[in-house]
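Both complexes below contain chain A, partnered by chain B and then by chain C.
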Partner chain A sequence: MGKTVVIGTIGSDCHVVGNWIMARSLEQAGFKVVQLGACVSQEEFIDAAVEAKADAIFVSSLYGMGLFDSEGLREKCIEAGLKDILLYIGGYLVTTRQEWPDIEKQYKDIGFDRVYPPETKPAVAIADLKRDLGLS
Partner chain B sequence: MKLENRRWTDEEFGQAFREVMSLYPTGREVDLDEAVEYLRALPPEKSVPAAFDRAKRDGLLLLNPRGGVATLEAMTQLLLCLQNEGGADILPVEPDSYSRRNMFQEAAAGLEESQRQGRSMLNGFPLPIHGVATCRRLTESVQRPLVCRSAAPRTQFVNTIAFVSGITEAIGSATGLALCMEYGLDLAQAIQDQQYTARLVGWFQERGVALGLDVNNTVAAGTIAEPSLSIAYGVIDSLIAAEQGARYQSISYQPNHHFVQDLAGMRAQMKLAQHYFTKFGYDWSGLSQAVHQWNGPFPRDPARAYAIIVLSTAIAYLGKARRIMVKSCEEGLGVPTPQANAAGVRATRQVVDMLRGQEFPESPQLREEQAIIETEGRLLIDKVLEVGDGDIAVGAVRAHEAGLIEFPFSINKANKGQMLLARDATGAVRFLDPGHLPFPKEIRQFHQEKLRERQRSEGLEPLEMLVRDLREVRAPFPEAKTRRLV
Partner chain C sequence: MGVILLIDFGSTYTKIRAVDLEKEEVVGSCQAPSTVDTDMTIGLQAAFDALLAQTGVGNTDIEGKLACSSAAGGLRLVASGLVPRLTTEAAKRAALGAGAKVIGVYSYQLTPKEIAELEQKRPDLVLLVGGTDGGNTEVILHNARMLANSDLVCPIVVAGNKVAAEEVEHILHTAGKYVAVAANVMPEVSQLNVEPTRAVIREMFMRRITHGKGLNKAERLVGSIIMPTPMAVLRGAALLAQGTPEEAGLGDLIVVDVGGATTDVDSLTEGNPTQPGVVAKGLPEPYAKRTVEGDLGIRYSAPHILEIAGEKRLRENLMARDEGLAGDLDLGAKLSYLSDHIDFVPQTQHDSHLDVALARSSVEIAMQRHAGVIETCYLPSGTVYLQHGKDLTQVKRVIGTGGIFSYGQHPRWILEGTLYSQREPLSLRPKAPEFFIDERYLLYAIGLLAEIAPEKALRIMKKHLRKV
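On to the complex of A and B.
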């Protein structure tokens, strides 16, 4: 089907196990994956997405500071001509205890299409992605 | 400066110190001579090296929780909670991830936002933003020694602030931190950055102030590691620090939660560390071993999280580690509360009290496992020395270029990425693919055979096994097979 996903852990966060597993799962589901690893800046996500003509950016954040790191990502995507790109994020998204709907709302407010809590199975995000891309 | 494993001259250190301290205005508050006086005057109960000396003498396991929040008030409350409600032996000051990477503007904005919102928006305490005077107020408010948990490669600034503020240990690992945490950081540069912290420790040591270095090596990755890798990286990184004069070093061992393999691996690590320290003429009397409670993904269920904490502690105690890094039952829920961290310390203490006086019995299995691990560890370290023409730092860079040593699941571009690991049928970690590691045929076959046993019993593809091993501490037996058995 030739759809491409850029994946990485944003900001100053070095956790990679989650996106390593997610990347393998996406590949097995038939997606082309551009794996950026950890400590990825917004600019690096966008440059990779432009170069690979990506359909989605999968952002991982495990250290609680994802809001700081992701604010403005949607606007920068639009500036770079990626106006329809899908933005997904998953992980430990805040540093304090908060209810999931509140966390999800904060991230949707800054432009993410899908927001996932810890322990989400890769298959869930892949099913959503296929739906969002009109593949299923 | 050309990379060499050689002690920095006073001029080289002085120049590096001035450069580092110019990175942020609070650097101007640092006066090393004044800090020598300040640290000399600290009571012994505030010294991490003194705590390790006591632990070795009395056969103790020191309990070291984690934790860090943005503001002075909240951080003080956190430390008092860990001290008074948890009974921790060593207290943590975890800098936030921005401060660890010298992103001071972001750290300052995060601190301001935390003060405004009345809750921590940073994942740690930004020591560089608070500055020396405020950090000293923090350290003076507790009665335990403190460690700066600066787990990142370029931490010269934050470590300097920590030491002069009365924090008597910091994380330092010449190769391990860069390999674990940064994609683009050049390994030779990373080693030099870490030589700075080790030299700073050595500089204080020469003036009668003992400071500790927590050689974190493979443990920070949150994955699995075959023991010879924990050993090789521990020895390489501690030799590089020893050359700079760091006498008190705590070497980390990453447990796989397999009694025989871990106890064999822990013994082999200390034996080989002493061997190579002796070979190069360093004093190994300040070395001790630390075990981290599982660093990978924790279950959200607190009951299951406690089970992991208990098993890690049993292994650390029976393996005669001198420190255990304590987790909490809320690890799977996000950044744990102070109370949850204190509860983790109490759970750990309970296990230690129950095991007091016990020894793990000698057995042929233990000896056999230790012999294999030791052989692998020697092969790895000797190969690094060989390709470095005797220089361990130069060798580390060259060996990574050639894939002769590999950091498990490293994200650094210096890592070849051909080596793969997986658990065998009993949970011990083996080489699924040893890549170009300098192992002879017999060792390669040993690992293959062990993994074939698991493949036969679980009926999984090699990559499936690996993914299951990364997802959780140990995945349950595949469901279909379980049903067939009962």
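On to the complex of A and C.
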């Protein structure tokens, strides 16, 4: 059976273009996509992932508040019975001047499996996803 | 003359509306107290005798009969879903639109304690949902097994993940439960598909549930009872709003039905945002949306109105109608008297005024609960307005139905309780509608008649709406 990805832009962030490009690419790669759009709360990501029995949640954040918005998402997933779900995040993830490895570490520390800097090609994330799901 | 009888077996009254289809006229409307505890046909016969006396319409003139019922508690339903804000909410909306009275709502895996509670509630029907198509199957399968092992005897409608549907049906069927399967209420996350479930619930109601309510004898006289009364009202309202290919409807509208125990609000509109810069959020709303307030009504539920509205607000409404009464009335005592005497008919002008004030308060609260709200979000990039629920501000017609509008005074003032108010500026209630009343309590009859003659039903309804 096909794999399902829930995707959306987290928090109070209304930027959705990157989100749509990622969703389209995932669909073209054969994934089922549940598109939640803009301003998605952690609870909405989890609700959708539970109902759709998703394999991964793709979080987009473009306004620098990603860390603040995403903190606790992994814990809530565990509470909701989704302890093994893959959590990916991409976008403009911080507002401060930081080196990428630091940024990546901060996000991995709060429970993300993959973290992507701006201008990452969708194919990169899709290749990772396939690897993480044991599809390639 | 060919007359169609449209019958409503209500919990207090059995009503008949007689319609001449050729002339498109209502030729008679009668009611008699329902005889739920003994034999429903006694009340029916009394109503029928009254009709004969009123109009001379007898058996030989009658071409057909259609009936709905809300007697013996109506269609008491329990909904079980997965996530509260998703499939459970979808199940609730499907059930309400099918005219059910939702007496219990459960989410996630049913526990032994919840099953025990459910058995105690003795619902007429359980609606079991959960999982989008291709999504979660564990929970609905678990719940099917729990229900299979329970003492429940009522039918079960399954409307969850299509991947699990067959197995769920098998589990329940093997355990001797009566099961029917409908298409998933939520095939994709946040996508509602309530109509198939409504149709199956209705089918179950017709085939199985009315029999258990002492209505089978009545059914021999009137044919099968084809839907619960609130569904008939909602369908009547939908016909009036949408029209038919031949006959135009009135467009978006709201129906408020104030009863003794409950207040129903039906809105027939998409309810999309009407102001620029507002974004709709949450589950999409059904075009025909019904909400039932089980704690608002002018008899049985009268004491609750005081609780919810607060003494100050209720007294304000009373003052507006009857200054003499408002000052020294012991509201608590009076309202519990009304609650204990549900067939109380106003004796004095003061009694009538109290009824009007109670109805107005019920309408205000019910409308506030039904209408959508705006939530303001302050972002780095500016302010964003999120709309939860339906925007009703531009709805142009509000219709009152139920006893208080047929017999009571000040119908317009009661209906003005639906209006947009500066007191709750974020509640998206109608701003400048016209008000009408369904003086002869025809909406249910029109909903029934729509089954066989929608155009005629619509024209009759239009004729009988009175602007107030």
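In the analysis below, the second predicted complex is superposed on the first by the 135 of 136 C-alpha atoms of A that agree within 3 Å, B and C clash if a C-alpha of one lies under 4 Å from a C-alpha of the other, contacts with A are read in each partner's own complex, and residues count from 1 in each chain.
One rule holds in what follows: contacts are C-beta pairs under 8 Å (C-beta built on N, C-alpha and C of every residue); 3 or more make two chains touch, one makes a residue touch a chain.
Worth saying up front: this structure is predicted, and the values here are computed from it rather than measured.
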| item | value |
| --- | --- |
| Which of chain B and chain C A:Val16 touches, first, second, both or neither | first |
| Contacts of A:Glu51 with chain B and chain C, given as first, second, both or neither | second |
| Partner chain(s) touched by A:Cys39 [first = chain B, second = chain C, both, neither] | both |
| Touching partner for A:Glu119 - first (chain B), second (chain C), both, neither | first |
| Touched partner set for A:Thr4, first chain B, second chain C, both or neither | second |
| Residues of chain A that lie at the interface with chain B and also at the interface with chain C | 12-14, 36, 38-39, 63, 65 |
| Residue numbers on chain A that touch chain B, as the complex places them | 11-18, 20-21, 24, 36-39, 63-65, 68, 92, 94-97, 118-119 |
| Chain A-facing residues of chain B, complex | 96-98, 100-101, 103, 106, 109-110, 119-123, 152, 180-183, 220, 222-223, 296-297, 300, 332-335, 337, 409, 411, 463, 467, 470-471 |
| Partner chain C, residues of chain A touching it in the complex | 1-2, 4, 6, 12-14, 32, 34, 36, 38-39, 43-44, 47-48, 50-54, 63, 65 |
| Residues on chain C engaged by chain A in the complex (per definition of touch) | 82-83, 85-87, 130-132, 134-137, 186, 188-190, 279, 281, 377, 379-381, 384, 386 |
